[in-house]
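Both complexes shown next keep chain A, but they swap its partner, so chain B is in the first and chain C is in the second.
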Partner chain A sequence: MYLIYIICGLGIVSLLAEIFNFKKALLPIIMLGLLAAIGVAAVGENTGLAFSGMVLFDRFSVVYSTMIVAIAFCWFWMAYSYFHNRPYLTDQSALVLFSIVGAVILTAFANMAMLFLGIEILSIALYALSGSKKNNLFSTESSFKYFLMGSFATGFLLMGIALVYGATGSFELMSIQTASTNGAQPLPSFFYVGVLLILVGISFKVSVVPFHFWAPDVYEGAPTPITAFMSTIVKMAAFAALIRLFTVCFAATSITWLVVFYVMCVLTLLVSSVSAVYQSNVKRMLAYSSVGHAGYILIAIVSGGNVGGLVSYYLAGYAVASLIAFAVIHQIEESGRTVFLSDFQGLFRKSPWLAVSMTIALLSLAGIPPLAGFFGKYLLLTQAIGNGHLALALVAIFTSLIGVYYYFKVIIAMYSAVGSDQNIMISTSQKALLFILVTLVVVLGVFPDWFTFL
Partner chain B sequence: MKTAQGIPLDYYLWLSAALFTIGVLGVLYRRNAIVIFMCIELMLNAVNLLLVAFSNYYSDASGQVFVFFIMAVAAAEVAVGLAILMLMYRNTKTTDINILNRLKW
Partner chain C sequence: MLTIFLIAWPLIAAIIIAVVKQHARTLALAASLIELVASIVMVTSFIPDASIQFSVDLTWIASAGIRFYIGVDGISLLLVLLTTVLMPLIILASFTATQIKNPSAFYSLILVMQMALVGVFVALDGFLFYIFWEMALIPIYFICLLWGGDDRARITLKFFIYTLAGSLLMLIAMVYLYFHTPGMHRFDIQSLYEAGRALPVGEQSILFWAFFIAFAIKMPVFPFHTWQPDTYQVAPTTGTVLLSAIMLKMGIYGVIRWLMPMVPLGVQEWGITAMVLSVVGVVYASAIALVQNNNKRLIAYSSIAHVGLISAGLFTMSAIGWQGAMIQMLSHGLTVFGLFYVIEIIHQRKATHTMSELGGIRSVAPQLSTVFLIILLGSIALPFTSGFVGEFLLINSLVQYQIVMGAVAGLTTILGAVYMLRAFQKMMLGETKLAANEFQDLSLREKSVLYPVVVLVILLGIYPAPLLALSEAAVNNLLFTINDYLTLPK
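== the complex of A and B ==
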C-alpha cells in the first residue's frame, strides 16, 4: 500500500521537476525513491487488504512487487544515458513511474476493477513511451501497433469481466472463487465464455502465440530502453496477474482453461524458437526469445504445483538476463551503430565488457548451467515431468536446443576476428550496472533455492 | 425468467454480443485507423451495456461504477491513441493502416 503511494509520489515529483526546475536532480531522486520503495515492498508490513478491499498485499504480491521495483531500479540506472540531457525527461520518467504503479497493482489486485485499471495504467503510459522517438517512423509505427493491439485486447478482457460478473454477481476475486467452487447452483454457460475471453485478453499482454504477433514489431520499433521495460517489467506484471487470476480465482474451473493453456504453451514454444532462428536483427530476435520464455512460464501454469514460487524464480532470472542484453544493445545503439547480427561481429575486441556481459546473458537465456536460466528451466521441467506432462517437457527441451542455436549465433559473431573498427566507450556507471547484473545472474543460478520459498 | 427493467436478461446478452462482434469484425477488416478506433469504442460500449444490465439485475451498484471506470479509461486511451495517430499522419500523410508494414519479419 505504501509502495503505491511512494511510486505515485515519485511520478508527481518528476512532473513538478519541470515546473520548479530541478531536472538535474531528478534521476538521483527517483533512484533513491525506488531504493526506499524496494525496502518498503520487501518488508511488506501492510500485508492484508487495502483500499477498501480492492488490493491484497499477500506473500505472492510482496515477492512479485519487490522484484518489479528492483528491476525498475536497475532499469532507471540503465536508461540514465537515454534520459540524460534529453528534452521530455520529466514527462517520460513520470510515465515510466506511473506504469510501474500499474505493474504493482497487477501483482496485488483483489478485484476485477483493479485488474482492469492496473492493465490500463501499465499500458497507456507505454503506448506513449514506445512512440517517444517522434520523428522516427519505426517508433511511431510500433507505438500505433501496440496501441491498437492493446486496446483490442482490453475489449476482450472487459467482455470477459462483464460475463463473469453476470454469472457470479461480483467483481471480487474471493466471491468469484467461492461462487465457482461450491456448485450449489450451476454457473450459467457464459461464465466459461467469460473466463476464456479474460484468458485471451491477458494472453495478448503476456504475448503468447497466437496472440504474440504484435510483440516482435513493437519490440523492434520502440526505443531500446522502452523495449527493455516491456520485456521485463510488463512481462513480470502480466504473468503475476495471470497466475493470480487463474491459479487462485478460476482454479475450480480449470477444466475450461487448462487445455487452452496447454495448446498455447506448445505453440508458443515451437513458433517463437523457429521464428527466432530466421532473425538478422538481434533486437527482434530477443523479442521472439521473450515470447518463447512466456511459453516456458506457461509450462509451470499448466503443470500446477507451486506455480507462484517457480515462476517468480524463472522471471527473476529471465528479467535480469534480458535487462543485460538490452543494456548492451542500448550501448551499441548509443555509439551510433545498428544492431543487426553483422554489427555484433568482433564486439569482443571493440568492448570486452559488453561482449562478456552479453555472452553471460545469452547463456542464461539459453539455459546453460550454472546460470539462473538453467535452474529456472530445470525446476519447471522437473515439476512438469513429476506431474505427468512428459510430452510438454520434451517439446520444451527440443525448443531450448533450437534456442541454443540462435543464441550462439550472436555469441560466435561477437568473438569472431572480422569487422574491427573503433572501440565502443562505455561509462563507469554502466560498467558497474553490467557487473552487478551479471553477478546477480550467477548468484541466482548458484543458489536456486532462494526464491522457491513462496 | 431473469429480467432487468422488465426485459429478459438474455436479450441484453445477445444485443451486446452482437455489438461486440461487430466491433471485433470492424477492427479486423477495416483499414482506416479512425474507423478502427470507433470499432474499439463499440466493443467497449457493448461491455458497458452488458454491465449495466447485470448491475440492474443484481441490484448491485458496483457494475455501474465499473462502467464509469471504463468510460474514463476509454477516454484516456482514445486521447493517447489520437495523439499517436496524429504523429503517424505527420510522418506518413495517411491514416490507412496498410502503410504500417515497415516492421515485418
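== the complex of A and C ==
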C-alpha cells in the first residue's frame, strides 16, 4: 500500500520538477525513491486488504511487486541516457512512474474495478510513451496500433467483467470465487462467456497467439527503452493479473478456460518461434521471442501446481535477460546505428562488453544451462511432465530448439569477422549495470533456491 | 575436496585469465599442469576397489531434490586422468598455431571446457551431470565459431543444435526417471538407478533410446554422425582435438555410467540393435576413410570407426568388453590427439590438408615422420602399442558374444591399417614435393608435445595393467549389479 503512495509521489515529484526547476536532480531522486520502494515492498509483507478492500497485499503481490519495482529501478538506470539527451524528461518519467503504479496494482487487485483501473493506468501511459518519438513515423504507428488494440482488449475485458458481475452480483474476487465454487446454485451460462471475454482481454496484454499481432509492430516502432519496459514490466504485471484471476478467482471453473489456454499455449510456442526465425530486425525478433516466452509461461498455468512461484522465477530470469538485450540494443542505437542483424556483425570487436552481455542474455533466453532461462524452462518442463502433459513438454522442447537457431543467428553475427571496426563507447555506469544484470542471470540460474519466495 | 578442486580450479583459472588478459598461454599451461598434479595426487591416493571415493555431497537446489553430488570410482578416474593429461599437451600444442587472435578468450574457454569435462566424469547427480554435459558444449561451440575455418557459422550451428537436441531427449528421460523415484523425488544416481530398474520393459526401452540417442550423437555412432566430419574439419585444431580426444568420451562414459545400469531391460531388448548400428558405423566410416583425400576428414572418419568398435564392445555387457573400452578410450584419446597435431604441424608448414599435394615429407623431416608412424601404428592397433590392447579386448568380447559380429567389427583393424598406411604413404613417402628448406623438422616445442604422446602410446601398449587395475573393480561391480538384476525373476 505504501508502495503505491511512494511511486505516485515520485510521479508527482517529477511533474513538479519542470516548475521548480530541479530537472537535473530528478533522475537521481527517482532512483533513490525506487530503491526505497523496493525496501518498502519487500518488508511490507501481508499488509492485507487496503483501500477499503480494493487491494490485497498478500505474499503473492509482495513478491511480484518487489520484482516489478526492482526491474523498474534497473530500467531507469538503463534509460538514464535516453532521458538525459531528450526534452520532455519530466513528462515522460512521470508517465513511466504512473505506469509502474498500474503494474503494482495489477499484482494486488482484489476487485474487478481495480483490475480495470490497473490495466488502464498501465496502458494509457504506454500509449503516449510508445509514440514519444514524435517525428518518427514508426513510433507514431506503434502508438496508434497499441492504442487501437489496447482499446479493443479493454472493451473485451469490461464486457467480461460486466457479465461476471451479472452472474455473481459482485466485483470482488473473493465473492466471485465463492459464487463459482458454490455448487448449490448453477451459474448462468453468461458467466462462462464473461470468463472467456476476460481471458481474451488479458491475452491481448500478455500478447499470446492469436492476440499477439500488435506486439512486433509496437515493439519495433516504440523507442527502445519503452520497448524494454513493455517486454519486462508490462509482461510481469499482466501475468500477475492473469495468475491471480485464473488460478484464484476462476479456479473452480477451470474446465471453461483450461482448454483455451492449452490451445493458445501450443499456438504461441509454435507461431512465435517460426515467425522469429524470419526476422532481420533484432528488435522485432525479440518481440516474437517475448511472445514465445509468454507461451512457456502458459505451460505453467496449464499444468497447474505452484503456478505463482514458478512463474515468478521464470519471469525474473526472463525480465533480467531481456533487459540486458534491450540495454545492448539501446546502446547500439545511441551510437547512431540501426538494429538489423547486419548491424550486429562484428559487435564483439566494436565493443566486447556489449557483445558478451548480449551473448549471455541470449543464451539465457534460449535456455542454455547454467543460466536463469534454463532453470526456468526446466521447472516448467518438470511441472508439465509431472502433471501428465508430456506432449506439451515435447512441443516446448521442439520450439526451444528453434529458439536456439534464431538467438544464435544474432550471436553468430556478433562474432563474425565482417563489419567495420568502429568502436562503440559505453559509459561506466552502463557497464556496471550490464555487469550486475549478467551476474544476476548467472546467480539466478545457479542458485535458484535463493529466489523462490512463493 | 580434491574432486571440488579438480572442478573449481580450471574455472578459477579461466576467470583469472579472462581478467588478466596478459600471458594467457603461459597462465593456461601452468593452470593445466597444476590440475594434472592434482589428478595424479588423486590417482596415487585412490584405492582400486569398486567404491566411490573423494565424494562430496552438498545441498544445492533442495526444493527440486537436486544435490551437488560428485565423486570418482575407477571408471571416472581414468577419464579424469585422460582429461588432465591431455589438457596441458593440447594447450602446449596450440602455442605453435599461427597467431591466435584474442588469446585470453581462447584459453579461458579451453579451461571452462576442462571444468565441464571433469564435471561430467565425476557428477553423480543426474541434474548436475546434465548441467556439466551442456556446459561442455558452450565453450567448444565458441572455440569453433570464433577461431574456426570457412563456413564455420553454418556447420557449428548444425553441430550445436544437433547435440542440443540429443541432450534435451536425455533431459526428458532424466526428468521422467526423477518422477519415478520413490518418496521425495531425487536426482542422485542411486535413486535414478532404482527408479529405472523398477520400470517395465516397454518404458525402459523408450528411455533407452532417449539416452542412447543423446550419447550416440556425442560419440558419434552411425547414423547420428553427420555433424562430425564437417565440424572436425572446420574447427581449429585445438577444438578438433578437444572434441575428438576428450569430448566424445562423454558419450561413452554416459553409456557406461548412466544408460546401462539405469535401464538394463531396455539394454537387453535393444542393445543388439545399438551394437549393430555401431558395427555398421565401423565398416561405413572405414570405407569412407579409404577414399578421403583430406587428411583431417580421414582422421575424423577413422575416429567414427574406432568409437563404433568401443560402443559395440560396451553392448556385449562383458567385463572384457568394458575393460577394452576403458583402455581404448585412453588410447584413442592419445592417438587421435597425436594424429591431429601432426596434421596441424604439416598444415602450418605447407598450408594444405589435401594429401595429394603432399608427399615425401620423410626425406625432409624424418623425426616428424617417425613420430607420425608410431602414433599411427598405435591407432591401427599394432601389438605393443596402446591401440592393440583395447582393440584386442573389444574384438575378443564381440567374438565371444557372437562370431559374425566379431568378424565384421574385426574388419576395422584391416581397413584401418589400409587407410592409415595409405595416408602415411601419400604424405610421408614417395617423391618429395617440397624443398628441404621450406619444411623444417620438429621444433623443440613440437617435440615436447609429441614425445610424451609417443611414450604413452608405447607404455600403454606394453604395460597397461596398472591402468586396467584402476577400473577393474568398478567395472566388475557395475556389471555384476546389472546381471544380478537381469537374472532376477520379474
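Methods note: the second predicted complex is superposed on the first by the 450 of 454 C-alpha atoms of A that agree within 3 Å, B and C clash if a C-alpha of one lies under 4 Å from a C-alpha of the other, contacts with A are read in each partner's own complex, and residues count from 1 in each chain.
Following the convention adopted for this analysis, contacts are C-beta pairs under 8 Å (C-beta built on N, C-alpha and C of every residue); 3 or more make two chains touch, one makes a residue touch a chain.
All figures in this text were calculated on a predicted structure; none of them were measured in a lab.
S.K.: Taking the superposition as given, does A:412 touch the first partner, chain B, the second, chain C, both, or neither?
M.R.: After superposing on A, A:412 lies in contact with chain C but is clear of chain B.
S.K.: Using the superposition on chain A described above, determine whether A:393 touches chain B (first), chain C (second), both, or neither.
M.R.: second
S.K.: For A:2, using the defined touch cut-off, is the partner it touches chain B, chain C, both, or neither? Pick first, second, both or neither.
M.R.: Once the two structures are laid over each other on A, A:2 reaches no partner at all.
S.K.: Which partner chains sit in contact with A:353 here, chain B, chain C, both or neither? Use first/second/both/neither.
M.R.: neither
S.K.: Once chain A of both complexes is superposed, is A:158 in touch with chain B (first), chain C (second), both, or neither?
M.R.: first
S.K.: Figure out whether A:404 sits in contact with chain B (first) or chain C (second), or with both, or with neither.
M.R.: After superposing on A, A:404 lies in contact with chain C but is clear of chain B.
S.K.: On the superposed three-chain arrangement, identify whether chain B or chain C touches more chain A residues.
M.R.: Greater contact footprint in residues on chain A: B.
S.K.: With both complexes superposed on chain A, which partner does A:80 reach: first (chain B), second (chain C), both or neither?
M.R.: Touch partners of A:80: none, neither chain B nor chain C.
S.K.: Quick check on the output: what are the common chain A residues between the chain B footprint and the chain C footprint?
M.R.: none
S.K.: In their complex, what parts of chain C are in touch with chain A?
M.R.: Residue list for chain C touching chain A: 60-64, 130-131, 134-135, 138, 142, 145-146, 153, 157, 160-161, 164-165, 168, 171-172, 175-176, 178-179.
S.K.: Given the complex with chain B, which residues does chain A contribute to the contact?
M.R.: Checking each residue of chain A against chain B gives 112-113, 116-117, 120, 124, 127-128, 131, 134-135, 137-138, 140-145, 147-148, 151-152, 154-155, 158-159, 161-163, 165-166, 169-171, 190, 216-217, 220-221, 275, 278-279, 284.
S.K.: For chain B, which residues are in contact with chain A within the complex?
M.R.: 9, 13, 16, 20, 23-24, 27, 33, 36, 40, 43-44, 46-47, 50-51, 53-54, 57-58, 60, 62-63, 65-66, 69-70, 73, 76-77, 80-81, 83-85, 87-88, 91-92, 97, 100, 102-105
S.K.: Please give the residue numbers of chain A that touch chain C in the complex, ascending.
M.R.: Where chain A meets chain C, its residues are 363, 368-370, 374, 378-379, 381-382, 385-386, 393-394, 397, 400-401, 404-405, 408, 411-412, 415-416, 447-449, 452.
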